[in-house]
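This structure is in structure tokens; I'll ask about it shortly.
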Amino acid sequence: MKVTRRDLFVWGAGAAAGLVFTPVPWKLLDDVSIWTQNWPWIPQPPRGPVEVKQSFCSLCPQGCALKVKTAGGWPVGIAGTSTNPLTRGALCPLAFGAHQLNWHPQRVRTVRHNGVPSSWSDARAAFAKACSEGPVVIIDGQPGRAASTVLASFAEKHNGSYRVEMSPETRALMPFESWTGVSAFSLGYDLENAYTIVSFGAPLLDGWGVPGRFTRLWAERAAGRSDPQLRLIQIEDSLSHTASRAWKWVNIRPGSESAMAAGLARALIEEKLVSARGPMPVITISAAASQSGISESALGELARTIVARPPVLAIASNHNPEIAALNVVLGAVGAHGGVVRRSKRTGKYIPAEAQIPNARAVLIDSSVPWDFAPDSNAEIFRFVAWDGGLQKCDWLLPAAGFLEELTDIPNAPTSAVETYAIAPQLSKPQFEIQSAAQFLVSVDPTLPTVEKVIHSRCEELFHQRAGTVYGQEVTGVAKFDSAQKLEAELEKASTWVGDPPPPGELRCELREWPPTMIAESSQNWASTWNAPVLPPLATKLYRESSLREAPGRRTV
Amino acid sequence: MSRNSIVFGFGLAVALFSGWVLFPRALYVNQHQPIEFRHKIHAEKSGITDCAQCHVFRDDGEFAGLPSNDTCAGCHSDRIGTSPAEAKLVESYIKPGHEVPWLVYSRQPANVWFSHSIHVKRAGLNCTDCHGNLGESDQMHLYQVNRISGYSRDIWGHSMSRLGRVPGDGMKMGDCEDCHRRHGVEVGCLGCHQ
Amino acid sequence: MSARYGMVIDLDRCTGCGACMMACAAENNVPPLPQASARTGLTPLLVRKVSNGLEGSDRREVFIPILCMHCEYDTPCVHVCPQQAVEVDKATGIVMQMPQRCLGCRYCMTACPYHARYFNWWDPAWPKGMEKSLNPGVATRMRGVVEKCNLCHARLHAAKEKAAAAGKREIDPADYVPACVEACPARAIRFGNLADPKDPVAQESQSQDAFRLLAKLGTEPKIYYKSKEPWVQAMAEPNSGPIVEAKHV
Amino acid sequence: MSSTVLTDSRWIARGAERTSFSRFLAWLAPWSAMLTLGVYAAFLCLYRGLNQTNMDNRFAFGLWIFLDLGIIALGAGAFFTGFLVYILKRAELRPILNTAVVVGFICYSGAVAILMIDVGQPLRAWFTFWHPNTHSMLTEVTFCISCYLLVLCLEYIPILLRNRQLRRLPSFLVFEHQLHNLVPVLAGIGTFLSFFHQGSLGGLYGVLRGRPFAFRHGFFIWPSTFFLFILSAIATGPSFLMLVTATVEKVTGKQLVPQDVFRRLGFISGILLGIYVAAKSIDTLIWLNFTSPAEGFAPWTYYIHKPFGTPVLFAEIVLFGLIPAFLLLYRKTAAHRGWLFSAAALACIGVLMNRFVLTVQTLALPTLPFDDFLTYTPSWQEVASFGGVIAYGVIVYSLSYRYLSLFPQPKGEDAHVPRS
């Protein structure tokens, strides 16, 4: 029989009718939309038991306490530790994305010699050779750590020199070191007892010091109050985040902080607003006023406002002797609510100049900010977890990223009390990484390891029998019956806090008024920490909000 | 006319056959468990009576789901029987320390949040209410994965028509909703999604 | 008992550090897409810098965190969604967005006066390996769907599970704190149950300086703001003087 | 040449004179190119996602939504003519009935196609039918439009089946007969559905409490825009039909329908446009003086952002509303072909403008005090897919005109005037 065109139509009609009564159309519809809900190319979070652990951030010298959520052994969430007495559960914005950094595209994954992949053994050989041929300079960004001890003692044993690249906060304290002979690393600000704080462009609410300390303090004592308990006066050339929140914003010409400080000092002395200490500033009030672009009367008015509610403390954003001198005039040095000495422990350090002549090799620890670029023809060994680019270094050595190694957390700069803590490793290293300290130990096995130094520091703390340990609960050191117990407690990311120093520890006299220095511009979260890259999320959010420009070089 | 109806009926029959018989075979891929695990044997031989003996709750209330190696290693740190399945478990997973890549019949997608604590500890459901008699089964049934959605067939249920399903057979959202409706428990979308 | 979760955000305390934005994005697995811009990005919580429009020493700036206001009455996004991908949770008052149900018609985005809803213009992506750092409590979204602040629902889930494990019905309020609230170093963002008169946040929301954005629309938002400065309070309603979004200077 | 079934001439209605096949192809060529580009652009949007467009989080709706609202308004001629002919028994409009159906079919299928690209997850769009939110205007739109598109198909099929070749299949002829007897019923259903989705398209924006520029009160669940949209659509639908038919007459150089049909359509259009303008003016006044201030928005602020000044409002209501209404009604101008068609054109521009203002200006205007006025320019992908729909329309219409008898034919056995 012959199949006609009509048969085909009829057959098709029958098939179509039948198909509607099969699962085919309906199940396909369902499955396809389920497919769109689980597209295989869309990454999903790791499965696995979720745990909450404690550690500290070592991405900048402040060392804030972290509450870290981990899943399947990887950090998946960062928050502050509210029980910590110093950081009080607060963190800088960048910390919340820090756990992403270990997978940052700019992560240094292998040893690189002049850009080409190399090996640790080659690097070791090259460094050992360099040491035998001439002096080495070792640069540290966070002195006072166990690792620092290793670096320093290596330098000592191999006629090298150990130098420190200081944070802006510490540099602001340097003038006091030269006047009092006390290391800037054992000086701090007694913010909690100051009633008036005059900040010369220091980003007090935007990347200065430990956010949990000043930001919380300001929020509790000043925010939104017409007559605050803590008066924050911001002297700055632009309406920065800090200026916009300050009790008073004094809008001055760029770069006139020093003149302003000197002018204020003169006004204070001339108008007998302070019991005059030390020499008179050379600059006249009118000169200071015209330089900083405000009227003389306004300057005098400001001087009166400043001393109206003592104790008063002036804070510079960076190394600036005249602002330091203003503190001397105000009698803030060594006083309640002023610049205080927190410990007798730390010695002085040679600041790391960019100019490094006649060194055979320069070793730069990963704690040194990427911006620090040694101007030297020496062979440069740079430990770093992320490659910021645009920097000359012969050896690029992959260091630990975020929470990838055990380290200890010394004092935060500007802290008024001595502290010590241990930051356990919480993230498995993915590549063959080594810290500068481990590297040096492998070069010279007679050096103590980081673990050893931490151990002996704990012993020391135990034998001093002073201070308190803040963990799940608060315990005086005297309560511990063995150094091991103390160390074990600290290894759980508890914090040891020393007893506050007796007042009047610090004496400071000025012989003559210090010379003017060009004040450096202030910085913010994005520029204070030492990693050359930002968490991808931070870059994204800065780009998508009007808060601030994301620093161009720190891109995803 | 009769010719027409025959042709029509023929088309109808072809469609029905391919839709109900051929289509499911094309849609699902058969997969086999890495190890021939047998609940029944374990219940009989080792006297394990309670699911929670192996499928434990963590201290924080989170359900651990399938037991990890160390649970199995509690007995099988070394071979204690003769079965090849056990041999495989010990030699290729426990000793080298690799977790067993079990195929989970009730695996839900990442956007589902399900708390065993809430359903078992608070609402007092039994394992069998959702997982059926998997616990008494002599051996694991065939694991079939949907080519398109990647779900286990147990989520849709074994009958394509979704008729006459028993507990453990069919774990679509609708099934959760039915039970919630029956018990008058109302949670919003994000009550069960994340 | 049914809660009405809400916030009071003290604008006088906000320093514009952005910690809340970071914590929010990390908690909710927001992808750091380089190709996204200020207009196509995903910022469930967005801190906006707003100035009083003046220049020089008279200039003032304030930072305003904008998130889903969880409107209580006649919620604009809820009644426009054609397929029930948005709903107000009876038990918590949270406006819940369900990306897996969403078909991406973006009608809800046009309905929202606060621009607090965001569309996934791209498939989410992370640098290689970074998916290991994602929060397991939150599923990533696919392109073509709308998302917004769900008040850190993963944390509510965790709190519920913890309560259930302890055999309790009610969650411990201390266990349910959204990421932004936990992150704020100035404690400017406060979270609580507005339905509970004893709750300090509920009381604060009734204080003199508290206000809500565009309250006259009558949608009863559950996010309150607070400031002592008159020019900041003036931002509650439109057409009230020279208030402009501050650009970088 | 051997005249097989596939020969072009065998498909053209007997007696109908059509241009040569080659010239016809030449005419189709550019449109097909345009369509191809459109399809490619649409593919990009579906494959790569909507990042291919220039829409963003605040401009969440763009060119496409404006297009949808616009062509659906213009397509209203289809159901309205059906309504006039079958329900109100205005037999004199029969000659343009087929054209009306084809135009309607083109507009609606085009709109639905664009909508499928516009949503982020088309494969999940059916959720709207499975989990509908009955409070949403968009649900109403989705249901009505898809149903009405089905109706239009059913109305289109008989026209299709009357093709010279197709009608040779007996079963088709029978089918066509059955359908044809259904047409009055379909017209009824179509009218009902259309009233609703035209309305809910207006409601779409009218319910936006959060967008005081668009928000309107109304009665029951429907804001005033619901009714204004129905009015404006049925007012301009006939005008658009006039324009289409007149254009076809120009292109083909034939007189296709009796001229009084135009005047009749123009008159209907004019009456309804007049009513619309009155209603729109009242609504605007109420909104300016009560609705908007109550929401805290001083109305003047809507018009401080150029180019959306008050001239736009004036143009929409007077220039493209009142004036064409007058021209269409005033005997002298209505009698004059030139005036008649320019008036129709003005009316169509007016309705497009109304849809544009409602969709685009609403999103461009700030709501928060610290928002700024936004602008947006569509990407080439958006424009291309827009153009693709237009090309699709032209092609479908050309094919229908060539191979189906859309208009009553002066002579020839196929000369077809729809039976009553």
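Per-chain residue numbering starts at 1, and chain names A, B, C and D are given in the order in which the chains are listed.
The rule is short, and it goes like this: a contact is a pair of C-beta atoms (placed from the backbone, for glycine too) under 8 Å apart; a residue touches a chain by one contact, two chains touch by 3 or more.
The shown structure was predicted, so the numbers you read here are calculated from the model rather than taken from an experiment.
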Chain at the geometric heart of the assembly (C-alpha centres):
C
Of C-D and B-C, whichever chain pair has more C-beta contact pairs:
C-D
Per the C-alpha centroid definition, the whole-Å distance linking chain B and chain D comes out as 52
With chain centres defined as C-alpha means, what is the inter-centre distance between chain C and chain D in Å?
40
So, in whole Å, the Cα centroid of chain B is separated from that of chain C by 38
For chain A versus chain D, what separation do you get between their C-alpha means, in angstrom?
63
Touching two or more other chains in chain D are residues 121, 124, 127
By residue number and range, which residues of chain A touch two or more other chains?
6, 32, 35-37, 44-45, 50
Which chain C residues touch at least two other chains?
37, 41, 48, 100-101, 123, 137-140, 142, 245
What graph shape do the protein chains here make by touch: line, ring, star, complete or other?
other
Of all possible chain pairs, which ones touch?
A-B, A-C, A-D, B-C, C-D
As the complex stands, chain D meets chain C at residues 49-51, 55-61, 118-122, 124-125, 127-128, 130-133, 135-139, 142, 204, 207-212, 294-298, 301, 362-363, 366-372
Please give the residue numbers of chain A that touch chain B in the complex, ascending.
6-7, 10-19, 21-24, 27-28, 31-32, 34-35, 37-38, 40, 44-45, 49-50
Of all residues in chain D, those that touch chain A in their complex:
121, 123-124, 126-127, 169, 171
Which residues of chain A touch chain D once you look at their complex with the stated criterion?
5-6, 9, 29, 32-33, 35-37
For chain B, which residues are in contact with chain C within the complex?
57, 60-62, 109-111, 113, 115, 117-118, 121-122, 186-191, 193-194
